[in-house]
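Structures follow.
There are two complexes below, and they share chain A, which is joined by chain B in the first and by chain C in the second.
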Partner chain A sequence: MGKLTIGCFSSLIGSMNLDFAIKLCALALEKGHKVDLWVSGNATMLSIKGQKPFKDYSHLEKPLKELMAKGLNVAVCEACAEARGYHKDNTLEGFKRHSMDWYLASTFDADRVLHIGGE
Partner chain B sequence: MATKKLGFIIQRPPYKSENPKLAITHAIASQSVEVYLNEGDLVTADIAFIGDGVLNCKKDQKAMDIYKLTSTETHIKMALLLDLKVLVCKEDLDRFGLTENDIVLNAEEFGGETTVKIVPFSEINKMMEEVNHLLFF
Partner chain C sequence: MKLAVFVSDFRITVNTLDRLKAQELGIIFVGNGIYHAALKEDGNPSPLLQKSAKFYVLSEDLETRGLSSSGIANNIKVITYSDLVDLIFNEYEKTAWL
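After this line comes the complex of A and B, so read on.
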């Protein structure tokens, strides 16, 4: 089995890229691959806990928690999050907070890197 | 001991989105990646500006004066100071009527020795073939 590193920079609301990234994570984990997910820029919105689920807006907290329980390794860019007022005490449990070098380190032993840029 | 090469391809214009700056800051993060790796292992980052992305290289940017933000120009200089390879596509500069006189070429004021290289797209294509992973911004 391989390792997939996904970097996503698009916002949770206003783009469907994170929805796609989470679905891809799910499929890769299902096939037995190891998956690292890095969120940076506007994608750091994914890390905020307590988001209210409306049917008109992407809401990924539930599938994300399920995937983390299955071994998904998720980290948020700490600087990008702090710049947006997303602090540690408001971060979803299980979400790691790191600097950008974590993402680059994750690519080191990744078989594939899928980088999904921002808007 | 192993080295993984990353290629950061910047194709979006400056200040319209956060992408170009995020590309450069992520590339710069290659300098501190060792803390997560085994001794001797490395991740290197090359940067290439193509398409509208070459506009990021315009010199004399006034982001600090106007937005109170560090300019993309300064980010490029930081990358040069850290000896990252920075390539700029000549054909795309030509398309915008830009020459080497219009873009940031070095970080001499910070003591940097590495310079921006203006190269034909074929050179950037070669770099893209040589790296292990490509990241498009």
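After this line comes the complex of A and C, so read on.
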């Protein structure tokens, strides 16, 4: 089994790239791989707790929590989050907050890296 | 190097892909990129399909957009997320997202 690192910079609302990343995480974990997920830029909105589910809007809190319980290692760019007013006390439980070096370190010991750019 | 390129946008042109060099190239249509696999413009398939590559399209993204695998050309393999994980780990060494 290998390690997959996914970096995603796309917003939760606007494209479906974060949905794609979460589904890919789910199947990779299911197949026994280790998965790190890094969210940066506008993707940091994934880390905010208390988002309400609306019809036809992406709402990934529930699947994300389930994946974290299965071993998904997920971190948010702290600077990107702070720049958008997403503070530590408003972060989903289990989300790590780090600088970009966390992502770089993760990619260096990963077997495969998928970097999904932003808008 | 075996390179898998994820095409997630319908606007991607051949010029973009021409800048990527690989011994073996796989093109995986996801998101709005699936329209390259599913639609024709003026009766012509997407120019991306002229590339020397293996082609894949994600079935869930076809279905999300109301399309089915029945109209997909034979040289494009319809895959699931599970297949995608296997492609990433077993068939290609590097990935790129467009």
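Just so we're on the same page, the second predicted complex is superposed on the first by the 119 of 119 C-alpha atoms of A that agree within 3 Å, B and C clash if a C-alpha of one lies under 4 Å from a C-alpha of the other, contacts with A are read in each partner's own complex, and residues count from 1 in each chain.
Here is the rule we go by: a residue touches a chain if its C-beta (ideal position, glycine included) is under 8 Å from a C-beta of that chain, and two chains touch if they have at least 3 such contacts.
What you see is a predicted model, and the numbers here were worked out from it, not measured in a lab.
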{"item": "Which of chain B and chain C A:Gly2 touches, first, second, both or neither", "value": "second"}
{"item": "Which of chain B and chain C A:Lys23 touches, first, second, both or neither", "value": "second"}
{"item": "First, second, both or neither for A:Ser58, with chain B first and chain C second", "value": "neither"}
{"item": "Which superposed partner A:His115 touches (first chain B, second chain C, both, neither)", "value": "both"}
{"item": "Which superposed partner A:Thr91 touches (first chain B, second chain C, both, neither)", "value": "neither"}
{"item": "First, second, both or neither for A:Asn73, with chain B first and chain C second", "value": "neither"}
{"item": "Which superposed partner A:His33 touches (first chain B, second chain C, both, neither)", "value": "second"}
{"item": "Touching partner for A:Ser47 - first (chain B), second (chain C), both, neither", "value": "neither"}
{"item": "Contact residues common to both interfaces of chain A (with chain B and with chain C)", "value": "112-113, 115, 117"}
{"item": "Chain C-touching residues of chain A, taken from the complex the two chains share", "value": "2, 4, 15-17, 20, 23-24, 26-28, 30-31, 33, 111-117"}
{"item": "Residues of chain B touching chain A in the complex", "value": "2, 4, 6, 12, 17-19, 22, 25-26, 28-33, 35-37, 41, 43, 45, 132-137"}
{"item": "Partner chain B, residues of chain A touching it in the complex", "value": "7, 9, 40-42, 80, 99-108, 110, 112-113, 115, 117-119"}
{"item": "Touch list for chain C against partner chain A, complex", "value": "6, 8, 30-31, 60-61, 64, 81-82, 84-86, 88-89, 94-97"}
